[in-house]
């Protein structure tokens, strides 16, 4: 189906069918179309992500010299991803902070676990959705789309994980992670038992909590600094 | 930049750089890679939107015969959009309800107004984001991307409109719409005056309130019925 | 029991019984009564609804010429109710908006449905109570009192529907409507099933959602514009 | 204007004007009217307050013998109000509790104060509205109507005090009382200063806090025990 | 185990082990230690409770002459506690208010009841924790420590009662009291039945509600006036 | 002042003064005292922290062999603190996780910063108070008491930081940290500017956000696993 979205609005009724009673006046508006529209054209908001690859946070923090390990790591990111994720650049004003962040991130998201890498990214996005964190939703929404090879699953995690048709295991996992995000003080043995009954071992429960906890940290650091996601994420795995 | 997302995860460190101290055990896990992963592959969640074009809501409501006006309207949608939006199909069990919905929707979103069509869609998405409505975020997020000719602005409205770099007018408009969504009982003259100071006429204030109100209705009807968005929306205007 | 409320306060202890220990000072205050009261008399708040029948909203929107259909409708309202509801006058600055609102309202609240007209008004008031919408609580609280021929049921819906002694059906209906109002993103199949188990068909679930959704829209339009209810509602069906 | 509410619904459009397009089916429903309504008549909810004067709380607590002081007090209530308020009967299972409650209530609501008796009742109702306490809204809503000699002011306090057109003093008073109810942990010197700037002395601030605090207690005791208000309150000062 | 907390920080790693990779720079910071710390020493916050025994509230209310009964009561407090609780001094600007408060407090917290004195204090602290009331948490946290002869139980009530390992009875009691504090409008027969099933009689339910209600009042009066607890409470029963 | 708390309740009125009217019955209860108390003695809750030093979390995770670096670190903790903090033992099932946690913790809380160590601990406790995290409130409340050499400041941070008399700098710091905890999605440039106006550099803003973020992570890991604090914390720096 060849689509030409630039020529017509995506909203469903591009021109009004003549169905309402005394809509004469309104219809004239439509016939004359755009020129009757009184609102200014919104050129301001065009290219909303234009500076996101250069002005990464709202804080002015001069970059430090990368250690050899971190230089190698950045090189590997560029080689494999095509860019260095902005969160790493944001941390690069201080090498001990950057290294501690990278060590914890890599362990949590990539080390062997009872949770698949996709499941860990699903937790990341569901937590970031509760916290409405723009950086993490863009970057990890793209990760869910890619790891799942499914352009829609990422959208579901971003928008409302409850609307996704998940199996019992993944639903229990996200229910725990989001309750832990919203009301950590109400988590009790019954919540852990719900995970056990869905097939998770105690080690898995730790990992669910650790990933959910980590993104509760990252969401807040990103929001506190107005961190902007690399623009490349938006295009990843859309088909 | 040629990307091959299917071959590697979008998350930023696809394989761990050798930076942490005693990570021997972990490193082995990475070297052996996927086969050591204990978690089940998530084939279940693959093709998350597979049935969304056929099983539109969770309610079993046999379709009614379309009136001539509605048949013409559906035909026009198919001709211009390539599909009939699922919300219209959901309403099509009862012609008076469908016609009343279409009349109100078309007037609000397409009739002449001090708000541009894009601005009305921005309100729609910011309100739907507060209410975490999957249907409306998918359908109207696509509308924002298309009307703005900007694939990122829609994401910003879906994720957190406060992260968008809006001019004063549009920021005031969305602040009013989202407060009206979250705490309608706290809207007072000071809120209306903030709109007036941002350049809106009283007629515009009505339109902001009416669009925000309409999506507070639609969000709830969609959530109450588990309404699914047409899968075509996901691909619209991503580049 | 002849009551003369104008002569004495409705609060229960109009003059203090001599029961507390060292209340000498306080008692003197009571004996000398009103003249010792230091607070200004609140003549300002007298006749709180005085202008509500003329200054209907906070927006200055000149009325449009009524279409023939709308003129006939207003006439019928005056004939049957004794007045034109202010919400209609508020919309009367634009005929297509007025007609779309009237069409949707009449279909939802008056067309045949598995819900009685009273039940639809009960939903309207319970939703409006959650949203603390003055206009809708006054107008539809009166409707509940009249349709139920019970001056107290309206008060219960306005104040806290959970305090009403409802049968299972109506309680399930209002629980769904109020959850849909408060947290639409948490509505799931279990919520729909609770309605089915209380005897509702899928078509009824649509109607519950549609009425609840409609008042989530109307509440916000009324709050956004400070819409005032016709003063006549207050007296309706109080005995 | 002679009204006959029993014969017609208070909702505004009692029969549909013929304004929508293809409403044939719907119109038939209306023409045939009530007999086509599928929903059961709600006789269950009729006389919603029928037992409220006899079954006062959900707790079975046998009444104690009234002390002489309390007997005199109850007699005075009957003489002046026509009934003993149910909250007093609810406490009458234990004389020390009843006496302590009466002593505190009478001091707060009736002793000399910089707040008028009406203002204290306005605080009572605005607090009870936040807490959605059926007992207190009925009993003290009636008190506001009577003390203000204004049938509408009580409704405004019950429904949303922000919709009332109050002078600065009373608005500041209620803003403080309701914030103290909703988020006591956020009250600070700035809140007290807002009262001082509105003309209140430090002694008045104590009284505002004490009345708001007292109803935060009473609301909870009433909700915890499902306390029912005397049915006579509903009719008081409606014209 | 002899501890010298004044000489070293209580936070767990007082000097960094040499475990991270390129932490050279950071380590230098630690070696040079305190003199590299750029932040000002916080002498301002030293002795945080210094004035709490003299400047009791933020309101200027001259004390009244104590009645004989209240003088005797204050004397007894000094004799038995070593001080007069600040809440009593705060009320001492008006004898009827002081006496009513004392009468209600003593009845609720000390009169015979199905709840032990400790249980009533546990309710007081759990409620005050929800309301984040500094005065009541300090004073009644000390009471729980003393009555339980357990320095930790008070901390648990202050911080999160859900973390305490309570028997079913006490857990049900606190769940009811805290729900009644947070959402009184949602308390229903099911909540009362949960108490009955945990062994409470209807009279006990009244007492739980009355104590919870009382502290919802006191918390607000304390927060409204910035009431400060006697400094002696902090030291009570810490071992 | 020699106190014997075991013999008398810490609540202020240990025996009732004879002030209320008809309290005969109640007084008898008091005279006969404890033996009339119907409630069971609460021996169950005695020694609330008894097992907290051995049963550290609710998860069964067998400890791993400590690496040399971690063994040295644990030894240093024992030498300097007298114990190994339970959070470290909880992580000790997996060396990479433990090392990453320690590296990040030490950098955040101990490395040179524009924030003093005390200020970082104040953030830790204020954040943990919002999240009602028992482990972190106990451990870091003790740290605030020790670093400030002030037994009360820790209590203020635990209970409600708004009640502390802080200078502008520290108040702004905690306001930012707690807003970032409660509503990270609402943090904007105005919030950062409030910190700048209170004297913080952009690097300090990062540190405030990083510490607040870290405890939003740790709070959730502790709550998810029911982590118990070492009992020794409770006694630290109480005088």
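Per-chain residue numbering starts at 1, and chain names A, B, C, D, E and F are given in the order in which the chains are listed.
One rule holds for everything that comes next: a contact is a pair of C-beta atoms (placed from the backbone, for glycine too) under 8 Å apart; a residue touches a chain by one contact, two chains touch by 3 or more.
Values in this document were obtained by computation on a predicted structure and should not be read as measured data.
K.L.:
What chains touch subunit A and also subunit D?
P.N.:
Correct list: B, C, E, F.
K.L.:
Does C-D or B-D have more contacting C-beta pairs?
P.N.:
Output for the comparison: C-D.
K.L.:
Among E-F, D-F or B-C, which pair gives essentially the same interface as A-E, with more than half of the residue-number contact pairs in common?
P.N.:
Among E-F, D-F or B-C, the interface that shares over half of its contact pairs with A-E is D-F.
K.L.:
Roughly how many whole angstrom separate the Cα centroids of subunit B and subunit F?
P.N.:
About 41 Å separates the centre of subunit B from that of subunit F.
K.L.:
Which integer distance in Å separates the CA centroid of subunit D from that of subunit E?
P.N.:
Roughly 32 Å, centre to centre.
K.L.:
Which integer distance in Å separates the CA centroid of subunit C from that of subunit F?
P.N.:
46
K.L.:
Two-or-more-chain contact residues of subunit A, please, as numbers and ranges.
P.N.:
19-21, 23, 26, 69-70, 96, 99-100, 103, 107, 111, 132-133, 160, 185, 188, 226
K.L.:
Flag every residue of subunit F that touches subunit B in the complex, lowest number first.
P.N.:
67, 69, 95-96, 99-100, 185-186, 188
K.L.:
For subunit A, which residues are in contact with subunit F within the complex?
P.N.:
Listed in rising order, the residues of subunit A that touch subunit F are 58-61, 93, 96-97, 99-101, 103-104, 107, 111, 131-133, 176, 180-181, 184-185, 187-189, 192, 202-203, 205-206, 208-210, 212-214, 216-221, 223-226.
K.L.:
Which bits of subunit F are touching subunit E when the two form their complex?
P.N.:
1, 3, 5-6, 8-20, 26, 29-30, 36-42, 44-49, 69-70, 72-73, 76-77, 80-82, 84-85, 87-88, 99, 102-103, 105-107, 109-119, 121, 129, 132-134, 137-140, 142-143, 145-153, 155-156, 158-160, 163-167, 169-170, 226, 231-239
K.L.:
What residues on subunit A touch subunit C, complex-wise?
P.N.:
20-23, 25-26, 160, 162
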